[in-house]
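Each in structure tokens, the structures are laid out below.
Below are two complexes that have subunit A in common, paired first with subunit B and then with subunit C.
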Partner chain A sequence: MATSSKASPSTYEYPNFYSSFFAIAAARLWLSSKNLSDTLKHEQVLSSPLTSFEQLQEGIHLFKHGIDPYAGGSFRHSPLLLSFFATLLPNSRWLASVLWTLNDLLASWILVQIFRTRQNVRQSPRDTLIAASYCLNPYIFLPSLALSTSSFENTLLLLTILLACKGKTSATLFALSFLVHLSLSTTILLPPILLLLATDSFSHLASPQPTSVKIRRLLEFFGESLLYFGVLTLVSALVAGGWEWIPQTWGATLTLPDLTPNTGVWWYFFTEMFDHFRPFFLMVFSVHLIIYVIPVCLKFQHDPLYATFILVGILGTYKSYTTLSDPGVFLSMFAVFPEIYPYLRHPIVTTLLHLHASLLMPLFNHLWLTQGTGNANFFYASTLVFACAQGAALVDAVWAGLRIAIGPPVEGYVIVQE
Partner chain B sequence: MLPVIANDDQHNLHAGPTADVVATNSTSSMSHGKVAARFSFKTILSGASPRDPATLDNEDQSQHYTFFPLALGQILRQYAVTELHLTLNAGNWNYDRWGYPQENGVGTGAELWAWMGEGDIKSVDERWRGLRNALAGLFCASLGSLDELRTTSPEQSFVPEGSLPNWETSHKVRHASLPSEHVCTENLTPFLKLLPCKSQSGIASLLNPHRLFDADWHGMGVHVLWREEEGVELRLTFQAVFDPLRSGSVKKQDWSLQSLFDRNIHRSCPVARTSQVVSTLPTDVAYSISPEPSSIEGNVAIFDVKSLVKPLDIKMEWANSFSYPLQYHPDSVPFSVKRTLRGSSQAWGQLSVVITNYRPSAVHALYLEIMPWLLQFLVHTLEAQVDGTVRDGIISNLTYVAPVPHSRPTTFQVLLTLPPQSTVHLTMDVTKAFLRYTEHPPDAQRGWDLPPAIFTPLELGMNNSAAALVKEGRIYTSALLVDLATPDFSMPYNVIIFTCSVIAFIFGNVFNLLTRRFVVVRLEDKKS
Partner chain C sequence: MDHLSDSPPRRRSILVKFKEFFRPSGNIHEKRIRRRMRLVSQLNRRLPLIKIALFLVGYLWMLLLPAPDLGRTTYIDENALQPAQVNTEWSWADVHVADQYLAQLERVRDANYSSQQRAQWLNEEFGKLGLSSSTQSYSFTPGVSTQNGTNAYAIISAPRHSGTEAIVISASWLSRTGGGDGTLNLRGISTVLALAGFLKRHSYWGKDIVLVVSDGYLEGMQAWLGAYHGVSQAGLFAEPLKLTGGVIWTALNIDYPGHSFSHLGIFFEGLNGRLPNQDLLNSVDRISRYTGGVPVVLYDHLDPREDPSVNQPPSWLSAAIYDVPQVKSFLVQAKNIARHLRYQANGRGSGVHGLFHQFRIDAITLYAVPATGPHGFHAIGRIVESSLRTMNNLLERLHASFFFYILTGPQHFLKIGLYLPSAVLISVAIMFHGLSTWVDAGWVQETRQVAEKTASGEQETADQAIQWRRRQRPITGALCIMVATHIYGFFLLNVVSSTWFAHNHQLLSAAVFVIFSLLPLAALGIPQESRSDDAPIASILKAFNLCFTSTIISIITVINFALAASMAVLLGLPLIVSTPSPSLPLKLIKYAAYACLGLGWLIFAREETMRSLWYWEVLRVWFAPFVCIVYVPLVIQCGIACLL
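== the complex of A and B ==
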């Protein structure tokens, strides 16, 4: 087992983790002090209409002036975020960038904790690498510098996973309900996280065994999370003073009223869609997200954390309003599963595809919308490459996660599928 | 000052409710040599009252259409319209140089607003839809496009000009404008048909489309309102700004009916009660006017078309040649407004409004923006600067109705307090929408015309209350053009195919891995 070899150094102290984590934090805080948010806030690959800081500020402004921000308009943040930012959190641009940076640091620390819990160690030599893979991942820190609220969704996602790994039932279910409340598409993470809560988070990839979770237990979890979800919905209705926020926030995820370009596959598809086919394809795209849940959970029932990881990858590729931080969290989560690295088939191709797409996307977006020398197809093509890059990473992760069970390659034998 | 030609036709009918037709043509010379002409034909249906929407189920009481145009009257009765204003204009009215127009409605393009009583039988919105479609048919204009995407209810800036009947239900205003719709000959022809003498005689015979649509600025208006003491009043107007210096070989601002309209008045309209040409006379230069005016009141000469010798050609000549003034003093307008849209990006930009108050005292004005959802305001970025420094207290009383993507427009209204003799810079960030490919017009790359903003100068009540009095008429800014991002219009099939292929490719790969079992195969050693 992969864990057994790592368990022994747990008694050994790695003091350099804290010093290097401090260095990463200092670098991030220095970046946040550069006040890049004004230059980055209009970058469409970094923040979507559902997560943009500008729209959040607009909503807060209207809310404070007694105008219902959900009565039309383009404010699509959850009422919970609205109430937090309107009351507790600072409204200054400088404090906001510090807050976003601290949030990223917290998320990277949570990611380290997830790894430690999975390996069942108190410390490991990989900690620094894992923290850096989150904090210094450009897909993560650029949206954070643009003050996209998707950074908070990522932190909440990782927190949910960590709590589930630690087996804290109520806290996990509450965090999960909160996450679903902020971003409706994360509903598809519900089954693997409930499974994770019911089992353990250790790596069983190399020795798959059918899980022995009782359905009844999962239903209890589901009932509890439904309860929290109901409470949060009621609180939101109280904050927003009605139910108009539902079509504005969750409804937007499903019906795509705002066709602002992003890194996903929805926007251009529905810009170019014939009007009479629009509802049908909206249904197809939403159902397509759900279709992966059961097969992935069944196949990876021995390791629900891995199933969660795969579904996070699905979300980053296919959800309706993606920003770079959605695929970013998937790529950063690769760091939690070092045991699959030897079995990845085409990591270089995936890396090059990502490099290609992430360089071309902002460039073509700029050429189309600002310079006027390119057209929409340029940017669309680069998002297609990005979808391919995400797909390559996803397929490789699925392959490696299954292939690891057979063990290292032996001369004279090949592994094929029936 | 412009010379103003005013034509006035008035018709009398004795039996029953009477209809009066008054035609006026007024001209005035403006300080920069232009001539503003306004035609106004007024028909009053005495004793008549607008239809109560509660009676829409019953048969309508009979109306007199001897002089009142039947085509328009039927529309008003069918949709129970109390007050109606339709204007179709081409060009920007230059308030800074021309001062206030004689008719307020000078916004670029088509503008339609109506006050209607609420009713259970047919809602205001249902009747509004019917009204704009009926008027589109009557005036051959694209008024049918004034749909939900452009309809709002700005009650404070569009107060009724007449009186509203005291029915059990309240009245509602509906307003819509279409800046890309310009007035042309096909709109003038149905307009002339509404006149009792058409363009055959009287002042209306001067309405020569070749000259009117050649003017620097021109626009027509149809105004229906109800006055409690008088009855239903129909006012058909046509305004134009001519430039006599442009056509004349000599640099003189002389004009005559013949030179402006290429026509004379050969006979008066027999049914008009009064029919006058009114001309504003210059005050400080030498001039001559012929023939002798019927009367002169102040600096206004009045010609009675009925009594003067026909054919009537009114001539005005200046002794000296014209020189352009170095400065313009628009004393009639309290402030001047410049509105622009900044930013080169097709995704976002900044709306900038520069308002200069010329008066020695602070001026209050309502600033109204009715914006299609294509351009969305970020109200939190609204900022007022005076001489480069941010100043509080200029913007107050915000009314904001957010747009609904693909349908409702934004209504944004603030009360501005303009400090004396200073320039206020208002800026607000905007985001530009991304449209579905079917929502773009055929000439998508041209951009979208955005309606003019409307400023209404106010005389505030005692306690800065919203119930302020409208002091002077509305001021329209110029229309804007916004350049929206366009998708590739030839690509729908390609995009559907490409996107679906990528999704299917990833889906297929993932499910291939998930469903097929892994097996270990021993490779045959070829050598052994």
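== the complex of A and C ==
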């Protein structure tokens, strides 16, 4: 009986991935045609000053009229995005929402590819579920409907990971440099992605072995990415006609000049801060992001893709200008690691925390700014709930990723961490 | 002697225990694990008790909200307001002017003017006073009927300031008496007209004063406010305003339907459960009592403790018990709270002032409770004048989080911490039940046939026979059902808010009820779990349903407490007691009960349904969508869990 039930999935025809993917795509395109962007574009949880579509349009307008968009202090997008949108990409609202949807579909397809590469299969029954977990994740599609450029950062991030999984060195390093250009905080993904390039992407979580990567090889990769980074910087300087874009884009990530509320933990802290403490705490917050890199990379050296996943989660929680799509991509990436599901300790608690946080954040934002019956502390409290939810997901992911090596639980035995 | 010799070892043993506590010997991890297991098993054993306790405390707390010892007296939080600190200048001459306006208005009424002509007349009267004034016509076409009308308004520009802020004094053509059924608010409008001339004579206004006489009961003010704030809405044509002023901070709506009045009633609930800042209510209350000399009541509830005319015990209570002061206070406060919750739960607010709340304006209605005396234009003029002076003092919007309260009397209120936990406790109990259902779904009890006979005999095999085994809990099916029910709710909303439903809702309600109750029966076609190892969908669905319900209830509390409390009462026990049953007829009976709980309003509250839909279409009150998209699906999910 047991053997027949185990064998039964293989006898099933896989649900056709392409037809269900097409259905998801149709649903997303229908949503994008609803013209929700006008109502959503001002939602502070969906787009930050660094990713807002409205400010991008303002920058393009200034750029096209021969005014330096970086002189004003409101435009904080990368010159690379500026040049793309000013030349190639469409500017109309309708075309833009279609473009953003297509971008999400592409990202979900890349996520499916990452899973297939990791499992080393050409097709799997989970494909549809993985695509749906990205495209139908509200943390992903709402920022996309609000036309936040963080959607593009996500796609680029997933593309970098896929290229690294496939072992395409130059392409990976170029994509990574591009990603760092768009969002400086993603620098912390450099070590795990270089490790991923140097090793393979298959799941070694269950059988951890110390990696034997030559440092020299990593240094070569690092040098190459520096080269691409330098070239992109020069291109940006050419586009922007100077160097003023650096303090406006990367500088904003580090010095937090715009305190517009978002889902992260930085903004409230720095609204309350006395000015003479500001540089010190800016340093603390930035360094705090970096301190996770080495421990995570050491602990998950046998599976650098998992290390990347954990660091993506840390970025979504602790980076300076977060939107919902940053934690969203972390949660969607859970789909790539089905082997850890039995070892998650408190998935329902994490889910419920996320449910509470995702309902409380828009509600308290509304109470504070629209209805006027609440104040900033309300929204801040809800972002703290969100940070707790995100933290619970992270801790559980780390636990499950390490716990899987010990094997399935045995009655009468308990695992503890020394 | 005996216990003296005894004490040193005991003291030592305490010391040892103390030391043991901080520096335990043996394996720390083992101790910790054992401690955790003990704690978990204790918690598990007592969980039913904890749940029952939470429920009981929550429901009892709700029942005890009107207790006279709960809460405190009101106070003024914002120091700038300084209510009742000015000498009012409204005099008997102004009362005479108001009387003259009243006489003219009565002629207007008797001449049967159209609303266009009426607004024009008001416009001219404002103009004669030297005010910049204008009219605005509008037409509403929500569903079936079309409502046309014309508003008249005038603006007194702030003589002392640049006019960045404004205060509104308004009166609607129809009074709130009878819910806008045709009682005219002529004295309210006369007061506004007389105030227009009076206020213009003074130079101390730091804010624009906007005087609005809106047509109809609610529609006119909605059109005017929408145009003032540049918001357009489907189904409404509103002429743009020719004159505008500053940002409106506060508004007073005057409703004076009778010949004279005895008490000033205060109505304050806004649309979608928003409440005005309590400082506004408290200021008007003090001004009315100290400057106007008019006693204040909540709504039109006269207080039996002060008014012998209403001092009658209810039919179900004997007079002896009723005369206990505590009981009487409890009943009075319970009546106030019940009315408050009714206004708040369905999101409709309690009058014209509620419309202002959409635009973050603190507004209340001053209702002159009709009586044979003793107050009239003199008192209400003084109250409004002094209130305006108080609001004029404001340098910033009313704030200080003074927005969460339940008024139990005109000078008595409950803070957020005194009423919010009641609903939250019930929601926590639901959450605990959901989580325990989820945990239980992960285990299966099985009687294993022990093949080999153990040496120790029959007794031990019997002990081993019952075993608990972990099982998989696939969630995809349950999640799909939940999403499907919410999409179903969305369709339900589309159906009931369509025009053809509005045209013949008497006929269609029953049909819609039947169709939408039968649709979820499709769940019967879901194949029973393919692998017998997995937990049944029904228990997973029930767990998720309870967790989601609990989340909704606890989150709604901060935006609309009354709605959250009614959800807690309606859904709390019914959702928890659902159990799967083996036989099909029993399943269907249970499902039918849930369908009635969820969709019964289609049959039993047809008029209320149509009114809620009107409020949704015209005033964007989200009660109807909330019921269709959140409440109904939650109940239906529970019904489906019974079917599976």
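Please note the rule applied: the second predicted complex is superposed on the first by the 403 of 418 C-alpha atoms of A that agree within 3 Å, B and C clash if a C-alpha of one lies under 4 Å from a C-alpha of the other, contacts with A are read in each partner's own complex, and residues count from 1 in each chain.
Note that a residue touches a chain if its C-beta (ideal position, glycine included) is under 8 Å from a C-beta of that chain, and two chains touch if they have at least 3 such contacts.
Bear in mind the structure is a predicted one, so any value in this text is a computation, not a measurement.
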Touching partner for A:V416 - first (subunit B), second (subunit C), both, neither: both
First (subunit B), second (subunit C), both or neither touched by A:W245: neither
Of subunit C and subunit B, partner touching more subunit A residues: B
Contacts of A:D275 with subunit B and subunit C, given as first, second, both or neither: first
Touching partner for A:L355 - first (subunit B), second (subunit C), both, neither: second
First, second, both or neither for A:L367, with subunit B first and subunit C second: second
Partner chain(s) touched by A:Y380 [first = subunit B, second = subunit C, both, neither]: first
Partner chain(s) touched by A:Y134 [first = subunit B, second = subunit C, both, neither]: neither
Doubly contacted residues of subunit A, that is, touched by subunit B and again by subunit C: 370, 372, 375, 414, 416, 418
Touch list for subunit A against partner subunit B, complex: 42, 44, 54, 57-58, 60-62, 65, 67, 69, 71-75, 257-261, 265, 267-275, 288, 291-292, 295-296, 299, 317-318, 368-370, 372, 375-377, 380, 384, 387-388, 390-391, 394-395, 398-399, 402-403, 405-406, 412-418
Residues of subunit B that touch subunit A when the two form their complex: 344-348, 376, 378-380, 398, 400-406, 408, 429, 431, 433-438, 485-488, 491-492, 495-496, 498-499, 502-503, 505-507, 509-523, 525
Subunit A contact footprint on subunit C (complex, rising order): 29, 32-33, 274-275, 360, 397, 399, 401, 403-404, 431, 435, 438, 476, 530-531, 533, 547-548, 551-552, 554-555, 558-559
List of subunit A residues in touch with subunit C within their complex: 5, 8, 129, 348, 352, 355-356, 359-360, 363-364, 366-367, 370-375, 414, 416, 418
